[in-house]
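Note that the chains take the letters A, B, C, D, E, F, G and H in the order they are written out, and that residue 1 is the start of every chain.
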Amino acid sequence: MDQQLKIELSQQGIFATTMEELYNWGRKNSVWPLTFGLACCAIEMIATTMARYDLARFGAEVFRPSPRQADLMIVAGTVTKKMAPQVVRLYNQMPEPKYVIAMGACAISGGPFKQGYSVLKGIDRYIPVDVHIPGCPPRPEALIDAFITLQKKIDAQALTGEARPRHLRDDTPSEFPVPTYGAHDLQPAKNPTLWHITTNATSPKPLPTGTDESGRD
Amino acid sequence: MTPLSSCLMLSALLFSVGFAGVLMRRNAILILIGIELMLNAANLNFIAFWRYGSAPEALTGVMFVIFSIGVAAAEAAVGLALIISIYRHRKTTQIDRINSMRG
Amino acid sequence: MNSLFIDTYRPIAILMIAAVGFAVTPLLLAWLWSKKFSPRKPGAVKNATYECGLESKGDAWVQFRSEYYIYAIVFLVFDVEAIFLLPFAVAFSSLTVGASLAMLVFLMLLVEGLIWAWQKGVLTWA
Amino acid sequence: MTALAYNSLHHASPQAADQIFLIVQHWIVSHAPAGLQSLLAILLSVVAIVGGFGLLFAITTILERKGLGRIQNRYGPNRVGFFGSLQPIADAIKSLTKEDIVPQTADKLVHLLAPILLVLAAFSVYAVLPVGRNMVLVNLDAGVLFFFAIGSVTEVAVFMAGWSSRNKYSLLGAMRAIAQMISYEVPLILSSLTVIMATGSLSTVTIVEKQAGFSRILPHWFLFTPWGFAGFVLFMIAATAESNRSPFDLPEGESEIIAGYYIEYSGFKFALFFLGEYLGMFAISGLAITLFLGGWNAPLPFLTWVPSYLWFFAKLLTLIVAFIWVRGTLPRLRMDQLMNFAWKFMLPMALLNLITAAVWHFMPSGPVRWLVSIVLVVVPYTLLGRNQMHKSHLEKRVYRFAE
Amino acid sequence: MLGEGIAKGLIETARNFLGSYVNKDRLTTVQYPEQRLPQAEATRDFPFLVYDGEDWQAGLRCVGCQICEKECPPKCIFIEKSTDKKPDAVGKPQFYPAVFNIDISVCMSCQICVEVCPFDAIKMDTAFELSTVDRFGGLLWDKARLAKPNQHYHHVHPTEAAEVDGRLAEERAKADAKAKAAAEAKTSAPPPAAPPAAPPANSGVSSTS
Amino acid sequence: MSTSMEASTPAAHQGFADATMIDHESDLLQISLGPHHPSTHGVFRMDVVLDGERVVKLKPVFGYLHRNHEKIAESTTYLASIPYTDRLDYMCSLSNNWAYALSVEKLAGLQVPERAEYIRVIAAELTRLQNHASTIGFLMQEMGASGTPLMYAFREREKILDLFEALTGSRMMCNYMRFGGCRVDLPAGWLDQARKTVDEYPRFLDEFESLLASNEILLARTQGVGVLPPKLAIQGGVTGPILRASGVNYDIRKVDRYGIYERFDFKVPLGEHGDVYDRYMIRMLEMRESLKILDQALHQITPGPIIDPKAKIRGFRPKPGEAYGRIESPKGELGFYLISDGTPNPYRYRVRPPSLINLTVLEDMCLGSSLADTVVIFGTIDIVLGEVDR
Amino acid sequence: MLFTIFAALTIAGAVAAISLRNLVHSVLSLILAFAGLAAVYLLLGAQFIGFAQILVYVGAVAILIVFTILLTRNDGTFGTSSQASWNLGALIVIAVFGTLAWTIHSSAALQHALPPQPEATMQQIGTALMVRFALPLEVIGLLLTAALIGAATIALHEKQERP
Amino acid sequence: MNLEEIKSTLEAAIPGCSPQIVTNGSPSGQHSLLLDREHAFVAAMFLRDDPTLCLDYCSNVTGLDWLDTETSEKVKVTQLVDGVEKEVDEVRKTRTPGYLEAVYHLYSMQKKHGPLVVRLRTENRTDSVHLPSFTPIWRSAEFQEREVFDLFGIIFDGHPDLRRILMWDEFEDHPMRKDYVEPDDYEYEPTPHDAVLKKALEHRNRISTPDGQGA
C-alpha cells in the first residue's frame, strides 16, 4: 500500500487490514525506549522527551527502566570500554523485537573521543544498530527525525518471507557475546560476525595494519 | 447433597495432614503451617456441625469459628515472632537444631 | 443448599473464569504468535537476572533483614479486629448504647495495644 | 438476590434509558432456550463488566498520558489515530507480539501465575460493584467484605511476582508493596466501617440505595457528613496506597528500585500487571463511589433523569482524573514515612472516625450534632498532623546571606 | 496544617493543565516534523564547502591547504591535495583538494575548521535531519556532498555570509588591482580556461534518508 | 595530632572487595545501583550494602564514562581542547570554557577585554540558572515526582538554550570562549532577548516554589536527610552549593574575584543544616542571586572589542611553566591545571572536577539512611558523569 | 460434586503445603488450601466465615508466614525428619486418621437429613456477637492485645539488639 | 606568607625537612614547594594545622610523568691534542632519569588564601614509585590519589583504598603515562587521516619492540 493511500485510508478510519500492517503499525507506534543515557547526548535525549519537543506525541514517552519492558535502546552518549559489556548485556536482556538508535558521534564511532584508550569506537561493533544520528549532540529534532526513520524502517519490514527482519528469523541470534575486560583492551575487541565494513567508500590510503585482529593480547 | 460425614471426613483428613506436617517436618515454619491446618480442620467441624446441627439459628458454631480465627491469628503472630526471634539467635529454623544448640 | 449456593456464586465464578480468560487469552495469543512468526530466542545472558546491566551477584532469594514483619504482625491483629468490627457495624443501628460500649471497650483494648506499640517505638521505622 | 432484576423494565422513557442495558440483556436472553437463559444473562453481564472495564483501562492509559502531558506543558500522545486515541491499541499489539522472557533462575510456574492471579483478583471484585441501578452482578449480603477479602489476594499475587522473578529489586519491591498494602488495608476497612454503621448493611446495593434522595439540593451522600467526609478522604488516601499510585508508588519506585516487583516481566505479562493495577484502581474508586459518593445516584435533584450508570462512570472518571492530577504533582514518600503515616495518622484517624460516626448516630440531628462531629474530626486531624510534621522537625527555614 | 503545601502544588499543576488550553507559554510543544522552531542564525551542525558560481568543482574556495585537517580536534577531516592547480575564485591558480572527506560520524560540530580556514572555504551548515540506517554509506561525506553554493551560505547565515562576501570582494579587488598592475607591467597572458563543469552530484557514497 | 588523624580517616577503611559476596552469616544484602539505573545521572554506579533498607556501606564505582579527555588534550593543541571542555560538564559548557580559558590566560598572561568579561559573566550565570533548575528537576524526579518539575525546569532551560544557540550556534556544546576573549560578538537583539528571559525567570522560580517548597512530602523527604557537617565538607574538599548549604562561606566568585565579579552586587546564600533541603534551597536562592548579577551585567555591558588582539588562534604556544586556574562553576570549584613545555600542545592538562570530589562525602552522607534517601542525597550532589570520569 | 472439588482442592493444597521442599511453595499451596476451605464454608452457607477466612488467612496469616520465610534463611537441609521418626510419624498420623474416620463412619446417627438453610446474615451475627457473646469478645480483645504486645515485644527486642 | 617563609617555617618546625622551591616560568607565578618523601606527611599535616597557614582544603591532586630526558650540551674542554692543550668542543650527554610527580593544590577555606602548590617526586618511573598518601590529612585527596594511581601508577602508601578508579580492575597499564601505547583498534577508518596513519604505524612499530608499554 503506498503512503498516500494509507494516509487517506487512515483518515477515513479504515486501518491497516493485513496482519503484517497491523503488526508493523502496532510496533512502530508503541516504541518504548529504555531509560538509558550515557553522556551528553542523553541530556538532549531527555530534552527530546520534555515539553518543547515532546517525544510522547509518537507514543514513545513510556521510558521503561527495565530492559524487559523496553523496545528501543537509544545509545545516547559515549560508550566506554568499561561500559560496553553492560550495554551489550542490557541489549541482550531486551525482548525481541528490539531496536537500537545510535545517537551522536560517540555512539556511532567514538566521536570526538575516538582517539584514545578508553572509548569504544562505535557500539555497532557489538550490537546491531538500526538508525544512526550524527551530531554532537544531535538536536532533539534530529532524534525525533531518527525516530521517524525508525518508524519507517519498521513499517517496511516484512512479516514472512526471506526479507523478514532479524527478530523474525530463527537462524539469527538475538543476543550477542558480551565482551570481557582484558589486560589492555576489551576482549574481543569487536564481534566479527556482526561487524564488518560494507563501505563503498574506498579508502585512498588503507591502514597499514589492515583489518586483521588486534596484535595485542 | 453434602452429607455431614463428608464434611467431617474432610476435616479429619485435613487434620491428619496438618498433624503429619507437625510430626514429620522439622522446620518450625512448616510445623506452624501444620498447626494452622489443624486449626482450620477444627473450624470446618464447627461450621459443619452448625450447618447440620439442631439449632443453627443460635449461630454458636459460627461464633466459635470467629473466635477461633481470632485465637489462630494471635497464635500465628506470636508463633512467627518467636520463630524469627529464635532464628536471629540460632540462625536456623530447624527444630532439632534449635534444640541441639540450646545452652 | 447447593442451588442457593450456585445462584449466589455462579456469577462470581463465571466472572472469575472470564477474568482468567481475559488474562490467559492474550498470553496464549502471544504464545501462538511466537510459534508462528517470531521465534523466542532464549539465551544465557538474555535470561539472566537483570541487575543494572551488571552480572547478577549472589542470589536474590536471600534472607531479608527488614522490619516489615512487625507491621505484618500488627496488621494481622487489626485485620482480625476488623472481622469483629464488621458484624458489629452491621448490627450497629439496632444495638443499644450498652452493646456499643462493649465494642468500645474492645476497641479500646486494641487501641491500648496500639498506643503501647507506638510508645515503645514498634511502629517507628528503623 | 441476583442482579438481574427486571422489575423496572416496563417503565417509560427515563427509566428505559436508565435500564437500557438490562432491557437489551433481557431481550437477548429471551431468545435463548429456557435452560440456558440464566446462564446467558450472567454471561452477558460478565462480558459487559470485563469488556467495559477493559475498555476503561485503555481509555485511562491514554487519558493519563495526555493529562500528564497537559500538566507538563506538552501534548502527550496525539499521533496514533484521532488525537492519539488508538495509542492503547498500538501498545496492545506491540505487547502481544513482544517476546516473553522468563529469567532462567525464576520460578517459572509462579512467575506465570502471578499476573493471572492479579487480574483475576482485580476483576473478581467487580462482582459486587453496582455500576448502575440494578446493575450489579451479585448483590452479596457481605458485599463489602467480599471486596476486601478478594482485594487482599492482590498482595499474594504481588508477592508471587516479586519472589518468583528472583531478582533483588523485584523482591525488595514486593516486600515494599506488601508492607504498604497491608498497612493501608486497615485504615481502608476502618474508614468504610463508618458507612456500614450508618447503613447497617454490607451489601453494596443497599448502601447505594440508602444514599438516594436529597435534602433540599444536597444529596444524601455520606460524603456530606463530617465523618463521611473524613472517611472519604482517609479512604481515598488508603486507596491510593492500595493501588500503588503516586505518591505511594514505592513498590515501583523507579528512581530507587527500577521497576519494582514486575521488573523481570516482559511482553503481555507486563501489560497484565498494568491492567491489574489500573483495574484495582477503578475497583477501589468504584467502592469509594459506592460508599461515600452515592454510587449511581445523581448529585442534584433535577439531574435524576440522567441514566444511573452514567453517573457512576462520571464519578469514576472524576476520581481517575484526581489520581492523575495527584500523580502529576507530588513526589513520592519514603518507606518509613509511608508506614508512619499509615500507622500513626491514618489508623488513629480511622478509629476516631468510627467514634465520630457512632456519636453522630446517637445524637439527635441538628446543628449540635454537626458541631460535635466536626470538632471530633478536625481536632485530631490537626493534632495528628502536627505530630507528623513535628516528629520530623519539618519547618520553613530562613537562610542567611554572606556578602 | 498538614496538606497545605500539597494543595498549593495541586493548584499549580491545575493552573498549568488548564493554561495549556489557552496559553502558549503553558503548552510549549513545537510539533516538530510539521512545525519548526525558527533557527538561530548562528546555528551550526556540520561543515560544508562553499563554492562560488555555478560550477561546484570550479568554484570551490578550498585550496587544500590542510590547515583545517590539522586543527580539527577529533581529526575527522581528510584531505588529499591535488598535484595540479586550477584557478580559484579570485582567478589565481591554486591547488585544490583532490579528496576532501569529512566523517560526520566523528565530527563534533565544533566549528574550529571554520575558524582556522584562511580562505573562508568551509562553513557550518544547519541541516540536522541526517539520521541514516546505513552506517558505512551515509556518514562519510565526500567533496560532492560537502559542496554547497554560496547562496546556501547566504541562506543559512545571511549576516555572516554578507560579511564574508564583503571581505572577499575587497580582497578580490586588491588582487585584481595587483593583477592589473602586474598585467600592465607584463602585457597580458590569456586567462586560464575553466575546467568543464559538472553538476553537484549528490549521489555517490552519501545517501540520507 | 593523632586525634585529628583519626578524625580525618575515611569512614570505611577496607576496600569493597571483601564485601562483594553476601556474607552468609550476616543479613546484609548487596545491590549495585547502576551503571544502568534510572537515577544515577548516567552511568554512575554505587555498590550498596543494605541492612533491610538501611545503607550500611556504599562505595561509588567510577570510570564508566572515562573518555580519556586529559590524554586527548595532551596530544592536541590548546585551542582544540576547548570543544572538549564543553563535554566535561555537559550541562554547563560555558562555565567549563571559562575555566579553561581562564587557566590558559593565566598560563600565557593574556588580558581579557571588558566586553568579553561581561559576556562571560552573563554566559556563566545563565549557565548556572539552567544547571540549577535542571538539577532541582532531576532531584524531584528522583524523589518520584513523575516528571512535572523536571518538565518545568526544562521549559525554562530551553529558553536559556535558545540564547546560547543564538550566541554560540549550539545548544549545549557552545565552544564559545577563546583565550583572551570570546569567539564572536553578541548578535543583534540578543541582549534584549536575554533581558526578557531574565525578567521572566522569577515567575518560574515562584511557580517552582509554590509547586514544591512547602510541599509536606518534599519537606519530609528532604529535611534532616543526608546531613553534611561543615567540617567534613571542608575535609572532603566539597565545593559549590553543597558546601554553602553546610554553612561554609566559600564562593570562588567572592574569594578569587576572577573576571569582573567584584563589580556586581550579590550575596552568597548559606545553609545551616547541611541537609538535602538546604542544598535544594541554596540552589533556589543562588538562582535568584544569579538573576541579580545578570540584571546588572545586562545593563552595564558596553560595546568594545571582545578578544585580546594579542591572542592567537593558530600557533598558540605559551611559555614553559604551569598554572592552575579555577572558577565557581555551578557544581563547585572547576579548575584546570596546565603545564606548558613550549610546544603547541600542553604537556599536562588536568581538570579538577567538582563533581568527582564532591562525591568523596557521598558515603558519609548516606550511611544509615534508606535506599530512597541515598538516591535523593546523590541527586543533591549534582554530578555530571562527563566531569566525574572525564 | 462441588463439595468434592473444593475438598480435593483443600486436601491437595494441604498435602502440598506440608510436603513441598520450597517453603514459599508451601505457603502458596497453603493459600490454595485456605481458599478451598473458604469455598467449602461458602458452600455450607457460612458466607461471613468464608470471606473472613480469605481475609484473615490468605490476606494476613499467609502474608505473615511469607515474611517469616523471607526473614529467615533456609539452608537446604530442611527435609523431613530421619527415616525412623518419619516412619513413626506416618504411623501415628495413619492411626489418628483411622480413628477419626472410623468414628465418623460409625456414628451413622449424624447422617440425618439436611436441615433448611439456616439464616446467618451479618445482622444476626453482629447482634449475637454484641449481645450473647459480648464477654468472649472482650476476652478475644484482650487476647489480641496480649498477642500484639507479646509479639511486638519480641520484635522490639530484636530491633534494639541490632548493631 | 610567601613561599620562602613557608619553607623556613617548615624547616624550623620539622627537623630534617628540606623543602625546595620549584619556580614556575609562566606569568601565573604559581611557584611550588617540593617536599621530600620522608617528611612530606608530617609537613603536610603541619601545613593544614598551622594556625596562620591553615590550609584546610586540598583542592587538586594530580600526577605528572616526566620521562627520562637526554640533554646534550656542548662544553669546552681542554684536551691534550697532539701534546698541546687545546680547547675542544665536546658534546656531553646527560641522561636525567625520569620520575613521577604528585602535585597538590592547597587552599584555606577559613582564611581564604591559596594556592600553595606542593609537589612530591618518586625516585624513578619504574620500580620505586611510592609516595606518602595525603588522604588521611585531606579526604578530598582520596579519589584523586586513586586516579593518579590508576592513570600514572604512583603508589600512595597509607591510602585507605587504593584501587583502580577509572579503568577496570583487570587493566594493567597506566594510560596517562607519556609512553603508554593505546590498544590498536583502528580497524576501520574510512579516511585514515595522516595523523591517524602515523599513529597506527608508530603503534605497530612500538608493540613489536618488547618493552613498548608502561610499567
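We adopt the following convention: a residue touches a chain if its C-beta (ideal position, glycine included) is under 8 Å from a C-beta of that chain, and two chains touch if they have at least 3 such contacts.
None of the values given here were measured: they were computed from a predicted structure.
Touching chain A and chain C together: D, F. With steps allowed only between chains in touch, the distance from chain A over to chain D comes to 1.
Among the remaining chains, the Cα-based centre furthest from that of chain E is the centre of B. Between the CA-based centres of chain B and chain E the separation comes to 82 Å, rounded to the whole angstrom. Centroid to centroid, with C-alpha atoms defining each point, chain A and chain F lie 31 Å apart. Centre to centre, using the average C-alpha position, chain A and chain H are separated by 43 Å.
In whole angstrom, the spacing between the mean C-alpha positions of chain B and chain D is 34. Residues of chain F found to touch two or more other chains are 29, 31, 35-38, 51, 53, 63, 66, 68, 71-72, 83-84, 87, 148, 151-152, 155, 158, 173, 211-212, 214-219, 370, 389. Of all residues in chain C, those touching 2 or more other chains are 1-2, 9, 37-38, 40-41, 44, 46, 48, 50-54, 62-69, 72-77, 79-80, 82-84, 86, 89-92, 94, 100, 107, 114, 126, listed in ascending order.
Listed for chain G are residues 43-45, 48, 52, 55-56, 59-61, 63-64, 67-68, 70-73, 114, 122-123, 125, 129, 140, 144, 147-148, 151-152, 155, each touching two or more other chains.
Residue ranges on chain F touching chain H, taken from their complex, read 1, 4-5, 8-10, 12-17, 62-63, 66, 68, 70-71, 106-109, 232, 234-239, 248, 250, 255, 318-326, 333, 335, 337, 339-340, 348, 350, 352, 356-357, 359-361, 389.
Looking at the complex, you find that chain C touches chain G at residues 1-2, 4-6, 9, 62-70, 72-77, 79-84, 86-92, 94-95, 99-100, 102-103, 105-107, 109-110, 112-114, 116-117, 120-122.
Per the touch definition, chain D reaches chain G in the complex via residues 107, 110, 140-142, 145-146, 148-150, 152-153, 155-156, 159-160, 163, 171, 175, 178, 182, 185, 200-202. The part of chain A that touches chain E in the complex is made up of residues 51-54, 57, 105, 108-115, 122, 124, 129-136, 138-142, 144-146, 148-149, 152-153, 197-201, 204. Chain D contributes residues 1-3, 39, 42-43, 45-47, 49-50, 54, 92, 95-105, 115-116, 119-120, 122-124, 126-127, 137-138, 140, 144-145, 148, 163, 165-172, 175, 178-179, 182-183, 185-186, 189-190, 193, 196-198, 200-202, 258, 263-264, 267-269, 271-272, 275, 335-336, 339-340, 343-344, 347-348, 351, 354-355, 358, 361-362 to its touches with chain C in the complex.
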